[in-house]
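Two complexes come next, and they have one chain in common, subunit A, joined by subunit B in the first and subunit C in the second.
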Partner chain A sequence: MSAARRLDPVLLLAAPAVLYLAIVYGLPLLFLLGRSLFGAGGLASFGSFFADPFSWIVLGNTLRSAALVTLVCLVIGYPTALVLARAGGLVQAAILVAIILPLSVGVVVKAFAWQIVLRRDGIVSQIMTGIGLWSEPQRLLFTETGLVIGAANIFVPFMILPIYSVLKLVDPRLGEAAATLGASPVYRFFKVALPLSLPGIVTGIAFVFSMAASMYVIPSLVIGDRFQTLATLTGRSFLFMRNEQLGSTTAVVLLALTVAIVVASSWLSRRLGGAS
Partner chain B sequence: MTAAFLDITGASKSFGSATVLDGVDLAVGQAEFISLLGPSGCGKTTLLRIVAGLMTPDTGKVVLDGEEITRRPPHRRDIGVVFQNYALFPHLTVAENVAFGLKARGAPKDTIAPTVSRFLSLVQMSAFADRSIKALSGGQQQRVAVARALAVGPKLLLLDEPFSALDRKLREAMQIDLRRILREVGTTAIFVTHDQDEALTMSDRIAVMYRGRIEQLDTPAEIYHRPTTPFALDFVGLSSRLPGTVVSEDQGTVAVETPAGTVRAPGNFIPGSKVLVGVRPERIMLGGSGENVIQAKLTDAVFQGARVQLHFEAPEGGRLMVEAHEAPAGLAPGSTLSLGWREADTLLYPAPAEEAAA
Partner chain C sequence: MDAFAQARLTRRSLLAGGAAAATLVASPSILRAQTKELVVGGAAGHKPWVESTVVPMFEKKYNCKVIFEGTRSLVNLEKMQKNKGSQYMSVVQMDDPVMILAVKEGLLDPLTPAKAPNLANLLPGSTHMDAMWANYLQPWLGVAYSKTAMKTPPSSWAEMFDPKYKGRIIIPSLQNTEGLPALFVAGLLAGGTLEAVQKDTDAGFKKLAALKPNLLTIYTQQPQAYNLLEQGEAYMIGPAMSSYALERKAAGAPIDLVAPKEGVFAMPSGIAVIKGAPQSELAFAYVNEMLGAELQSKLAGPTFSLATNKAVPKPEGLGADVKIHQIDWANVAAQRNDWIKRWDRDMAI
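After this line comes the complex of A and B, so read on.
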């Protein structure tokens, strides 16, 4: 059969999704790109954007907070994924529900909840002063620490799930084989489990980093206007400053940043996956 | 007699209400090759995992080379394991797999490469040192798994059905190879299998396991010629089995009435006892010579290459199986023939309980 040349009819199944995305996502994106490149300032607006020291602060805020959120998610998420992959039956189901169910709570609701938790008289402050780690109540709300804590809470499922799905497929006999060869539990982790789960880690990092770099609601509610990221600056440009040129420029910079991260990580993930 | 190299005493293991291992004792000598032979679910893999330290027995003790290791974690036992699916590290090359144990034990750097190449050449895989594991065939992976387990110089090597995924020709070649390799290295080995031919071919001794117990522990020849239980008779090799009742006993010889006629066998049973009579197929002579001669009708002749398997039915319903080099000329299904075998070749057991016979 010369099926190789003919279009696979199954591909038609993708048509609704392609059409939908092309209209509601692709087209606006094209407009945005067009405006940033050929709008009032054109390419020069990128030049003035990168010439402005404030832009670099915003860029730094975006990258730093996203990196911190990703790091926190990885540190919390990896052990959770490990437990989840090793657990059986009911325990596994319970953990999965605990991870997935909170996703159904809106980001706004969670961000508001963190506002309460991180206040000067909030539970974090009360506990820290109560056990004597802080000499007096402190406010984490409207600080970058508070932002990282809140955002990590919201994004951690996107770190756990990809790592878990890779770990689940790792043959438990590999760990046993390593043990019988004389490898201690720590050696086993670093030489067997960790390298084999790298594709999951890379995917998790890509998910969380790109979401954390483009988050808008969480910084707006948890840290406020004095901490600007590319996403909040884009929003402000359009909504408050009516500066569509600046808005589309920052939006494109953010887009380029996240696309670069996703492409690089999927390439890395494929390479690491190819080795396993 | 000196103490055994590996000494397992009273090992038991239950999962919930299921007793998988029921008070197993096993003593293995240095450089001995022992097979644990039995059907799936007989506890052989559980016993292997207990020895490896991948599982802790509920009761019992494991002593290796004079040291009790019952509760010692696997990485401090010095016991190599070749897993059924080989469990090679997919992210490492062939040579890195073999080097893994040496590195994990902190072997001096300059000794690792020579050791790896020595063991790769032992299993004839030197040409594949830098290959990825995924690029290897099943037989090649198996060789790498053996090299990896042996490279660290374990006191004991455990093999969990390592040939079950290989086709027959390759399996037979690997069996001979593995024996050669183990003789060269001088490693004590325990080999788990459900394949009786494999066990008979390779082992110094075989432990026939059934329902969490060792039914018989003996040399392959003894197991084959003198199985001590009906299960061992049935599981190892082929046999004709006839239920019967003892009619008389005289100085270690009994006469048993079976559906195929009355046969004589060595044994001590009081008249009236229900028994099971067994005969190996190659012990039965066509034409009928020996103390036991019966008439039976040929029902089927199965050609098996080097041998022919002949199935007979006695008038009263007993079934017998005979193996001959070739079918006698002019013998057609339906013809009646006399079959004979020696009294000394007749195996006799108390009749198994109903459930076991089923």
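After this line comes the complex of A and C, so read on.
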């Protein structure tokens, strides 16, 4: 039985994908790991990286901006996913198109568009001064707030879709049953819908967080040279400073960080999925 | 990138070879009247003016054929490294920082006044590292400003530091070649001499910190910065490259470039002969022509650059008495990484 399972011919279907990933992704990754661990500085380069206060600022920038982007995506994305799961027919199709179509527009184009929106005479500033929330025009471009707003726009589909795919599998009669038992809408949301959709939320957070922590193009266009993250520092080390040791060290730190997030969240989602 | 360049090269040489073979078959007499071929490597951006102005003049005068390969400086360097001992390129036009690397690899043949007499007619500071290469045309760096936002053009680099321009100034990143003078200018404004502020940048960094409230951003992508200037979000960019700013102005953008009273900086455009080059005599002749007044006066205008030959007058827009600072690129190469590290820390938001 176990021998038969080991030789399951269906597994061979995965061979092309495994081979492809091993060559174009696994091998370079091994080189990178090898260089960061056994390169010129070796493990000592990690020591000097973490001993440098500037590294902690960069680490802080990376984690804080990624966490804020993830939070904004969750706050915007969850209600959208809820509406999407409840909607039917044409409305659902329209919302899905509205979410998926922007993915076909390149990140550079979107980042450039945000530059125009976030300028001092941009539409955000005009609206805020128009409704009297700001006393004078302000610029969000090249600020961390601007970065979070712009990045959240680009990553929000990756929050909506996993939550939606979980929510649409939830039996709507569960909510109705709770209602007949006298549960208020708020109680129903927090005790029924939310726990059932947790695996989707966790997946969405893992997607958005790991993408936001490693984004490169968006910060370089929306906030510029004065806000270094692990990703921009890695790029600069390799491309301009020709410091491959520092570059591979920061790349491995970023990799470890995102792998930790993905592993932790998949563990969490399995646990939460099992609990429900 | 390299594989791509190689592939193109092979395809091109195959085509050229095929065409040559066909011509040979058609007219055997060509064997005796074979013209010499000179391969010049340079930047892709140089191609228009090299092929329209330099090549026809040179081919006619020296009865030869010039092939210009336009790519990036670092790609040219790699071509030279890979073909060491059997070079097919004879002349290379690259930025000075890359020239330094080529000298360290022993890839260049020094220029001498005997082989390139025009060396004697160059402005001081136009040759480097014992004349391993020379500068031919130099874009210059001044202050670009928005004509809609500023009624009077800036006259000094110090105006970028004026508190009334809060959030309106853009400077290039130190990782961009044109960004280096920002550091040197700050040193000059703090009261140093050009030589001293290049060696010891501490005062420059301290002065730059005072610019932070005025900074809209620090750019790495030049088009993005000029976009902001042309739309009036930014008022000034400095240092700004003549070859970019004046081209935008010529295209109708409401901006202009001025030469501040403290002087402008010359950007590096070097030319050198490759060691072990085929057609070595022609190669030196090509360099000599590029350093000559005739070609330089034809090229300075369309490329918005300064000539390095003494006989060529300064372009319009630059006063005759304006100071032109040359940058010590060997010093830059030695210190740049440390500067970038400090820059990241000191200039962060």
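Heads up, the rule we're going with is that the second predicted complex is superposed on the first by the 270 of 276 C-alpha atoms of A that agree within 3 Å, B and C clash if a C-alpha of one lies under 4 Å from a C-alpha of the other, contacts with A are read in each partner's own complex, and residues count from 1 in each chain.
Here, a contact is a pair of C-beta atoms (placed from the backbone, for glycine too) under 8 Å apart; a residue touches a chain by one contact, two chains touch by 3 or more.
What you see is a predicted model; the values in this text were computed from it and never measured.
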| item | value |
| --- | --- |
| Partners on subunit A (subunit B, subunit C) - clash or fit | fit |
| Touched partner set for A:49, first subunit B, second subunit C, both or neither | neither |
| Which superposed partner A:78 touches (first subunit B, second subunit C, both, neither) | neither |
| Touched partner set for A:114, first subunit B, second subunit C, both or neither | neither |
| From subunit A, separation angle of subunit B and subunit C (C-alpha centres, steps of 10 degrees) | 150 |
| Partner chain(s) touched by A:220 [first = subunit B, second = subunit C, both, neither] | second |
| Touched partner set for A:158, first subunit B, second subunit C, both or neither | neither |
| Lowest inter-chain C-alpha distance for subunit C and subunit B in the superposed arrangement, angstrom | 47 |
| Subunit A-touching residues of subunit B, taken from the complex the two chains share | 52-54, 73-81, 83, 85, 87-91, 100-101, 104-105, 132, 148-149, 152 |
| Interfacial residue positions of subunit A with respect to subunit B in the complex | 171, 173-174, 176-185, 187-188, 191-192, 195-196, 275-276 |
| Contact footprint of subunit A on subunit C as seen in their complex | 167, 173, 175, 215-221, 224, 227-228, 231-233, 337, 340-341, 344-345, 347-349 |
| Residue ranges of subunit A in contact with subunit C within the complex | 54, 57, 115, 119-121, 139, 141-144, 220-221, 223-228, 233, 236, 240-243 |
